[in-house]
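Heads up, the next two complexes both have subunit A, just with different partners, subunit B and then subunit C.
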Partner chain A sequence: MIGHIASRLGQALLASFGVLTIVFFIMRLSGDPTLLLVPEGASLEQINQLRHQLGFDRPLPIQFAAYLGDLARLDFGESLVQRAPVLGIVAERIPYTVALASGALLVAIGIGIPAGIVMAVARGTWLERALAGFVLAGQSLPTFWSGILLILLFGVTLGWLPTSGADGIASLIMPSLALGAVGMSTFARMTRIAVLDELSRDYVTAARARGLSRGQAVVGHVLRNAAVPVVTIAALEIGNLLAGAVIVETVFAWPGIGQLAIQSIQSRDFLVVQTVVLFVSLVYVATNLLADLLYALIDPRIRMGA
Partner chain B sequence: MRLIAAAIIALLIGALPARAQPKDTLTVDLPGDVATMDPQLQWDTDSYTVYRNIFDNLLTRDVSGKIVPQVATAWRYTNDTTIVFDLRSDILFHDGSRLTPDDVVFSIARITNPALKSPQLSQFDQIASAETTGPTQVTLHTKSPYPALLAQLVKLSIVPKAYVEKVGDTAFNQAVIGSGPYRLKSWQRGVQTNLEANEGYWRGKPFFKAVTFRAVPDSATRIADLRTGRADITRGLTPDDAVAMKNEKALKLSSIATERVAYLFVNALSGPTKDKRVRQAIAMAIDRDTLISALQQGYAKPTNIVLTPANFGYVADVKGWPFDPAKARALIKEAGAEGATISFITSPAYDRRLNEAVQQMLEDVGLKMTIAVMDQPTYLRRRLGTPEDAGSLSQGRWSCACQDADGVIFPLFRSGSVWSKFTNPEYDAEVDAARATLDDARRLAHYHRAFEILREEVPGIGLFQDEAIYLMRRELAFTPTANEAFFVYDMKWE
Partner chain C sequence: MTPVLAIENLSLSIAGVPVVDGINLGVDAGEVMALVGESGCGKSITSAAVMRLLPGAVSQTAGDIRLAGESLSRLSERQMQAMRGRRLSMIFQEPQAALDPLSTIGTQIAESLRQSARAARPAVLHMLDEVGIADPARRIDQYPFELSGGMCQRVVIAAALIARPELLLADEPTTALDVTIQAQILDLLRTLARERGTAVLLITHDVGVVADIADRVAVMYAGRIAEAGPVHSIFAQPRHPYTQLLLASVPRLSDVPKSPLAVIPGRVPTPLEFGPGCRFASRCPRADAQCVAQTPPLRPLGDSDVACWHAA
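The block that comes next holds the complex of A and B.
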């Protein structure tokens, strides 16, 4: 088990390094930020002077080596746009991102899993068809549109919720709904398939034969068996929620790392982008590792196999 | 029953409708967060909007655009490169220390020091030196006669020497101290900036006790904030947004023609547009009035030259090319350029619809136009690169933030400038002469001739003067200005 974790950790670090390398070079190949920073009308000498001061006139491999050297000392550098330590800039956004991802995950799981179970159990009824429509809508509505609709309904027309910003729980509700909708649909569909798959097995028939009601059989036996694929989805979903919040954060002016990432990409604030990417890839890797461990907890066969 | 449920939900989540805001706080929705609070570093519009309320500037502009005193009370040239400023002696920084000539000298030395890596350096690097020459006097030397100096000094915020030296550049940027009408109370990065009134401000107590600048990137969300009273004023709206808001009862729109000119760049050194006749034909193929009425919803004023009336050096009597597709078609035929491919380079920062309208207009007169969209840094790299790589045509919106022709047509068309894809010794001589004298009448005469050359040679086509659009609560009194200044001190409830 420990060997397994160590090898997964090794892979994880390698993957993060690969992502970082790709981002480092792609960002720089498409132009440095000097031209975005200088006022209109700056002369070539002035542009080159600023480029030299910022260090972007050095060969790329040297810039990369210098960056890795700093990173090895846990020095994430200074944002060239905001002129403040990058670590602080990214760290300030993380609580907001975690809050939004948690809210969205709550929406996704809290609605998605029960909906999936009901769709499986009530297969072929009007209830399944109604829920299927709901799930399809969650999956298909783009967040930049559903977000604006939510704002218009709950913010402008009803006046129940704040239209933008990050002032406590109330501000979190609409972004969580908008962001959680897609994940909710994924959970509902995966749960439905997993539960349907289990319902056709012999142990369910055996449980019913022992006198358990259909509900007791589902709660007592089916759900645990159906959990493995759902946990996998949950792990992937956390990564998606962190990385995919860009649009939701922009629409609701929610100050998470998605918004920071897009702004930093636009202004070519390299060090901030790299740190955000590093953080997101580490979270991705960590949640997948966690999912691996959870399997073993849920399903003893995996534990023994390992 | 539903009302009760709604009230309970509202209570539970603590979100009563935000209309009941304290009236002595002004809330401003900006498209982005402040990049740096230090006024000598970044100068993107959002940063500029916020920190200019915290600092005083050496000079400022009144509502009509005239340069008027602020920290400096008077100024005089002692020769073409030396200017003496008399300063106020009654200005205090927010920490209680007095603003002295040393602070002014320090501010100039700091922003012109390459080690600060200020992106604003190029606006001030004609200043050779500054020195304290009296208890309330500073003398500035420029490298050569520099007519745009006063216009640039409007943007020079005065920072406190003792404090900056004590805490260092990084700490200063986090917790700035200025002498302006508002002091920095808190800065929640990515969320909002809170300012509070400087009660002892030398020009008198500010009307609003506090100001909150919020970062709200999506314009639909900013509009929703205005409609629910969560914000009192916002900017950065499109003409379409403005039209949709015209009938909101609680809100009003205010727009102003700015110094920003929308223009088409025409590559005179490479491709089919190397032929002057093709450039002239393109100028005659463009229907400005349609662009303004259809795309700008009327929020723009046509201009014949690549400059706006808000800039010094604007000459109204240089004729534009009339919209004349028949003549354009004939000229293209004469040049043997029928069906020639005009490559148009652009980025998402520019209005896509305008690109497509131009494409349609050029195809109507017998040219083909391909549009290549790239991200902004790539676009700038090509546009500022070699003539062969810069495309034949592109859209631009230019503002030097100095309201002077020198900041517009010099970098755009003078040979040797990175933006220029045009060479004409006579033109170069005129714009060089205009920047070498302080005599306004002579400068105007030089610009007049320069614009006549540009009219004939068409290395660029002026389209319209852009308008800045503000949406605000009906009770707010605010007069927008051509340089897009946003001084909360000048606002109040009616």
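The block that comes next holds the complex of A and C.
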């Protein structure tokens, strides 16, 4: 088990390094931030001087090696635009995104998994069809569109919730719903399939032959077996959630790392973008490791290495 | 004496197509009754009907099933649920598939008693010992994947018998097991049934299993009973042509090596091909016009009941 986790950790770090490398070079395809930093009307000489000062005139591999060297010392550098340490800039945004992602995950899991279970158990009834329509809507509405619709209804027409910004729990509700909707549908569909798959197994009939009701068999045996594929989806869904956060944070003017990433890409604030990417990929790695541990908790065959 | 299980004129349909057609069957206490037939003849679905655990597409169109005289067909689902595991129970073809891979065997056996695993622990330990599992104190907390197929079937039997049901349905209980384990499991089933006076309905396609364990046998063909009676009479003097051919097709060690296997020509008709007459007529060497036109009733002949116009 420990060897397994160590090897997964090694793979994960390699993947993070790969992501970082790609982002580093792609960012630089669009040029460097020198032109955005100099005052209007600056001479070519002044521009070149600044470029040299910032080190953007060096060959890319050398810039990359220097960046990795800094990273190895946990030096994330300084934002060229804000003239402040990158770590601080990113760190002050992280709680907002964590709050948003938690809210969205609560929506996705809290609604999606029960909906999926009910759809499987109530297969072929009006209840399943009603839920299927609901799930399809959540899946089909693009986040930017559902976000705007929510703002229109609850923010503008009804005036119940703030239309944007980060001002307490109330302002978290709509972004969480908009961000969680797609994940909710994914969870509902995957849970439905996993539960249906388990319901058809012999051990369910056997449990019922021992005198369990269908509901008791579902609660006592089926759900735990269906949990393994759902945990896999949950781990992957965290990644989608962080990607969706970029859009939702923009729509709702939510000051998280998604919004920061967009702003930093626009101002070519390379070090900030790279640090955000690094953070997101580390979160992804951590959730997948957590999923591995959960498998072991759920399934004794994995725990005992069978 | 009222039989423990009485299946009366039972008919079952899948999406309106009849697959079991008016069968009658009785099993007495302490008796092993084998229901034998080829795949698809309706024997497994008959046992599912007794448990009232039929798949959604199957419906009971006629007849009644009685447990010690009490009609199961008229019970509410809740009442039926209270009977399952306690008064009638079931064991399955694939023991490992019949156990939840993520629950310990002790927990699953305890479910038959409607008790928590902790409360039922002494009874479960005792039952594990009775089904011949060594070191029950260690095994009780193990998961199915830690046990062999034969041990899993002993666990399934323990779960089925711990509440001392009157009736045990065994659907191909040894088909998925090694031959050497088969004999042990059959032996165990027979011993436990005798000791406890449990009536056993054994579903099998294996004539050898019937000879090993059953007291009486009913031969099923295409949804109907072809012949039923005491095992020794039917093996000594099969009267239905299907039974005769079925018994003749069992390979024997005394056969000349490499000699061709005896087979029954043709194939079982599907429910959509059922005609008005005897369903074996299309493959029967003795079939005539009457066989094709009219269904032969099940009539007593010697010790047995036979559904054939020509049997004598």
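Here is the rule we go by: the second predicted complex is superposed on the first by the 299 of 306 C-alpha atoms of A that agree within 3 Å, B and C clash if a C-alpha of one lies under 4 Å from a C-alpha of the other, contacts with A are read in each partner's own complex, and residues count from 1 in each chain.
Everything below uses one rule, namely that a residue touches a chain if its C-beta (ideal position, glycine included) is under 8 Å from a C-beta of that chain, and two chains touch if they have at least 3 such contacts.
Small disclaimer: the values here were computed from a predicted structure and weren't measured.
Undergrad: On the A-aligned overlay, A:Asp299 touches which partner chain: subunit B = first, subunit C = second, or both, or neither?
TA: second
Undergrad: Identify the partner contact of A:Arg268: answer first if only subunit B is touched, second if only subunit C is, both if each is, neither if none is.
TA: The answer is first: A:Arg268 touches subunit B but not subunit C.
Undergrad: May I ask you to decide whether A:Ser43 touches subunit B, subunit C, both, or neither, giving the answer as first, second, both or neither?
TA: A:Ser43 contacts subunit B only, not subunit C.
Undergrad: After lining up the shared chain so the two structures overlap, which partner does A:Pro61 touch, if you call subunit B first and subunit C second: first, second, both or neither?
TA: Neither partner.
Undergrad: Identify the partner contact of A:Gly3: answer first if only subunit B is touched, second if only subunit C is, both if each is, neither if none is.
TA: A:Gly3 contacts neither subunit B nor subunit C.
Undergrad: Where does A:Gly215 make contact in the superposed view: on subunit B (first), on subunit C (second), on both, or on neither?
TA: neither
Undergrad: In the overlaid three-chain picture, which partner chain does A:Trp160 touch, first (subunit B) or second (subunit C), both, or neither?
TA: first
Undergrad: Where on subunit A do the contacts from subunit B and from subunit C line up?
TA: Common to the two interfaces on subunit A: nothing.
Undergrad: Help me check something: in the complex, which residues belonging to subunit C touch subunit A?
TA: Within the complex, subunit C touches subunit A at residues 51, 53, 81-86, 89-90, 92, 94, 97-103, 108, 111-112, 114, 143, 145-146, 156, 159-160.
Undergrad: In the complex formed with subunit B, which residues of subunit A make contact?
TA: Listed in rising order, the residues are 30-33, 35-44, 46-47, 49-50, 53-54, 78, 81-84, 89, 92-93, 96, 148, 151-152, 155-156, 158-166, 168-170, 173, 250-253, 255, 259-260, 263, 266-268.
Undergrad: In the complex of these two chains, what residues of subunit A are touching subunit C?
TA: On the subunit A side, the touching residues are 201-203, 205-213, 220-221, 224-225, 298-301, 304, 306.
Undergrad: Under the touch definition given earlier, write down the residues of subunit B that touch subunit A in their complex.
TA: Touching subunit A from subunit B are residues 6, 9-10, 13-15, 17-18, 29, 32-33, 35-36, 38, 41-43, 114-115, 117, 119-123, 125, 169-170, 173-174, 188-192, 214-218, 220-222, 224-225, 227-228, 230, 375-378, 380-381, 384, 398-401, 407-408, 410-412, 417-419.
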